[in-house]
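Read from first to last, the chains carry the letters A, B, C and D; within each, the first residue is number 1.
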């Protein structure tokens, strides 16, 4: 009867195999041995989650060099009922690869995702001063282009790709560590459909998207006060245009702590009362495991004590 | 058995009959026909409440000319378990009275409570330039001194007293409206022992005494933010020395609204978490019947909606 | 002697002719009749300015749909000695063009700049559900690709291009107004080398890039206070990663008003004292001609009066 | 000609000799050997300064137990052209004295200034439970009353007086150290006519009286921000009614630092622009010699650097 094994969980990610996104997915213990579904772009990945085709999708949300991934932030702001359930960091390193047998001095056209190209620009200018850039849709696709029709037609000689690409494609590595910043890292989030929020781990993050009530600088100040008066620090504050007209923004916010922490819940209540539109994206363990930096005054116990006190003074039981 | 009538309620007030404090007490509908107990000073009045000798005491708390009545503020800050249950305003007007038959030009020594004297100083300097001042303990006592031994011994010729004093004493009124500011008013509060807080009327006030966590200006700013972020205006903010050393203050605060209003309760919770010591003095109808000036965003309904929303997002029921 | 005509001024812009950037440059009266130099990308345009090859460059800085142009913001943050001297708005409208004679039903591959593609995605999905996207480096290049080798090799059938493209290329317009948001607009700035700041027009904007002193939310609040206490509103606040590690941001700020306005100068002084790094990008007339919304209390006259007063009280000349 | 010695400087103070005010005056090195003029009350002391009858007056401004001396604060707020030029602290200690030969058990009526009476109340209740209080106009006058007509007529047996009173009057000391708080201290200020502000000492205080632009709590928050954004701490913030109607206050402010310190000057400029009425009362050395607690970011050098930077960016000389 119910002896049948549970169907495998399915995870969508930006493929093909070998991408940084797949490296992020490899960090998820629950995903091991489940079904991994490579997709062509972010829209497809989130669509899989919305339709139920997949249980979750791993998407890049921020890069320490290039900043927020706008299209991902905008998708989370506008597609209803999504939830972030995990956060993962992947170091950003690049190698320059070519078709077997080619040498560096033969390279004229370099295929690369624009972001990767930007991060390797200094190295390329120094070592391949006359090269041309052909944009690719993913870091791995650039390598794949070395063999595909479009690439060959366009005379692609080399590609910028993640380390380990040689496990997937028959390429020669011409140079390693060609990205400008050796500490660059990309932040990924695992996104599912709406689901009950998990328990705090003591090192959590809460993500929100908030619109301001009015089109003025003071409103942002008021919004930030909602967090500050409860001792809740922010790790991310990014503005994104709402899109209806120039000068109207929504704010992408990552706050330290968990919605089940009293101070975070209280801040969210304040934000919700204040803002015409708040999207709660989830509370989940931080990838860096750093505990929230808060003062005693914002501890859960203080919140409970204050509520007890208020109940007493209203009832006349105490002073 | 229980046919016996309830014993009368007893109200203490700064006497004798005819004082502004008695005028305040006359504004209390529930006090009509009950027992009124004149006392000699504030300490006696509050002591009557603490010991249960009286059910409530009417005390002056602020004067529109002279400011907070420090001794009353300090008493409320330090005597535990008192509650303000009502607020009353009494116009401050003064007459100059004398023993029957005396004329203005005969007056050399004027008995007056120091505060009353200050308010009539300009008139006295203009009309009785050579007079001397004999301090009295109350405005009515000054008139009484016209006949008492101490007064006669000290050569008292005239007294500053409240209008209507001639109903209580055999005096002649030499001049009316001698106070400098015709709009001066004294604010009184009716104080009882700790009791359940009443229901909001829509035009209420909440009184607190708050100590700051640290001895720095920023702490006061943080305290005020607790009210501002919830849209709670203050009608009074007065500092009083804590008394242990120079530069340490507690703050006497009157906030618009009632502790049963969500925004006020939320502000009080914030203040309680923040402050090492909060004394709740009560929520009661405002004497001036002015409704709190708050925005929709701080309505009770907004608070409830926000809580509903938070419950849903945590449970996974909504976005 | 000096009868020789002045050499023409040279303006770099993202070409080829027909781009939105060229449309922005056409709004600059001083550029009429001067030398216009089309370049391939932002880096080239700014490099022309830095090296003196051009007097100024027109660059896209923000899109009402997609937000800040990150690469432009980052370039202005890091290339020293650049100045914004003008701001221009260009409506974003798109047409779908094809090689002469082709029909909509023949289209399989659409060349488009990724941003343009995003804005026309809804129309394409509805009317060309099976199409594929080939990224192009500019909106006009997409049209040019219809005829170039790379395009033909890649089987490009149609391109998303700005209205008026048919004046430059031999294309047929298949559809007009295919962008999702009819009010979309792109904001361009004209950038020169460091130069004395011009005079205020009454409707100006001041651009800054500011790093925060410490890695905490409170620092941003403090930064915003510097503007708020002087009554200076912000029209843009965008965060960009500094790039050294995750979680460190610089802020791109557009403030209402001109650095020669007292309140703006005072705010900048406050920001400069507060921040470890401030880049002043310029004060220039706003494209939308909207005057700053400020109160009397922040008028230049108030600033002068306050300084006069302070000088007097220090010298003992007045109260 | 000018061989004639300069006329002595004259100092008014609340007399008679032996008062705490005289003790404060004894702390002023410049006052040694000059003419000291005892007066009957604060009004007389300030009047001497206004009319030029005296060069300066020593007045009590705050007591660590009773708080601000309201009448002094109000006088400084309303009498134009006064300046505080020094601050002095005097410990508040009291002795109980009587006419020679009397014993403690004979005492029925105690003469005392009301403030002194309040501070000794606990001792008196414990040791003289049945006593009566006769108010006196100064602490020394109370002792004098032991011998004067009014006192004798009123049956005065004992007086509360400052230690050392036996040097001035023929009294017996019945008890020492009878004040409740052994650390109580009174703060005095030396007041002159308007005069150029002196040089900073590194441990200074600046006194102001400020009215708020509107009758709302937010305005006070905005006022405090003017100090906070410049890193200027406050050592005193007291509210005093303006007196025109209930609920309108002016604020008595003592700020750390000197008006010749850049950060204080900048804060004062901000306050002046913001407030409808500011009274500058002076910058003077602190009695407690505690240096202002400020951060590097608010140093004078930072202010100068910021101004240099702003001048350069406006002129086009730098970035």
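Heads up, the rule we're going with is that contacts are C-beta pairs under 8 Å (C-beta built on N, C-alpha and C of every residue); 3 or more make two chains touch, one makes a residue touch a chain.
Chain by chain, the UniProt names read as follows: A, B, C, D = Prephenate dehydratase.
Keep in mind that this is a model prediction, so the values were computed, not measured.
Computed from the mean C-alpha positions, the centre of subunit B lies at a distance of 26 Å from the centre of subunit D.
Centre-to-centre spacing of subunit A and subunit B amounts to 58 Å, using the average Cα coordinate of each chain. Mean C-alpha positions place subunit B and subunit C at a centre distance of 60 Å.
Counting partners per residue, subunit B has 225, 228 as the residues that reach two or more other chains.
In terms of inter-chain touching, the protein chains here make up one closed cycle, each touching precisely two others.
Contacting chain pairs in the structure are A-B, A-C, B-D, C-D. In the complex of the two chains, the subunit B residues touching subunit A come out as 80-81, 83, 194-197, 213, 222, 225-226, 228-230, 259-260, 265, 268-270, 272-274, 278-280, 297-298, 302-303, 305-307, 309-310, 313-319. Within the complex formed with subunit D, the residues of subunit B that make contact are 62-67, 70-71, 89, 118, 135, 137, 150, 153-154, 181, 183-185, 187, 216-218, 220-221, 224-225, 227-228, 232-241, 243-247, 249, 288.
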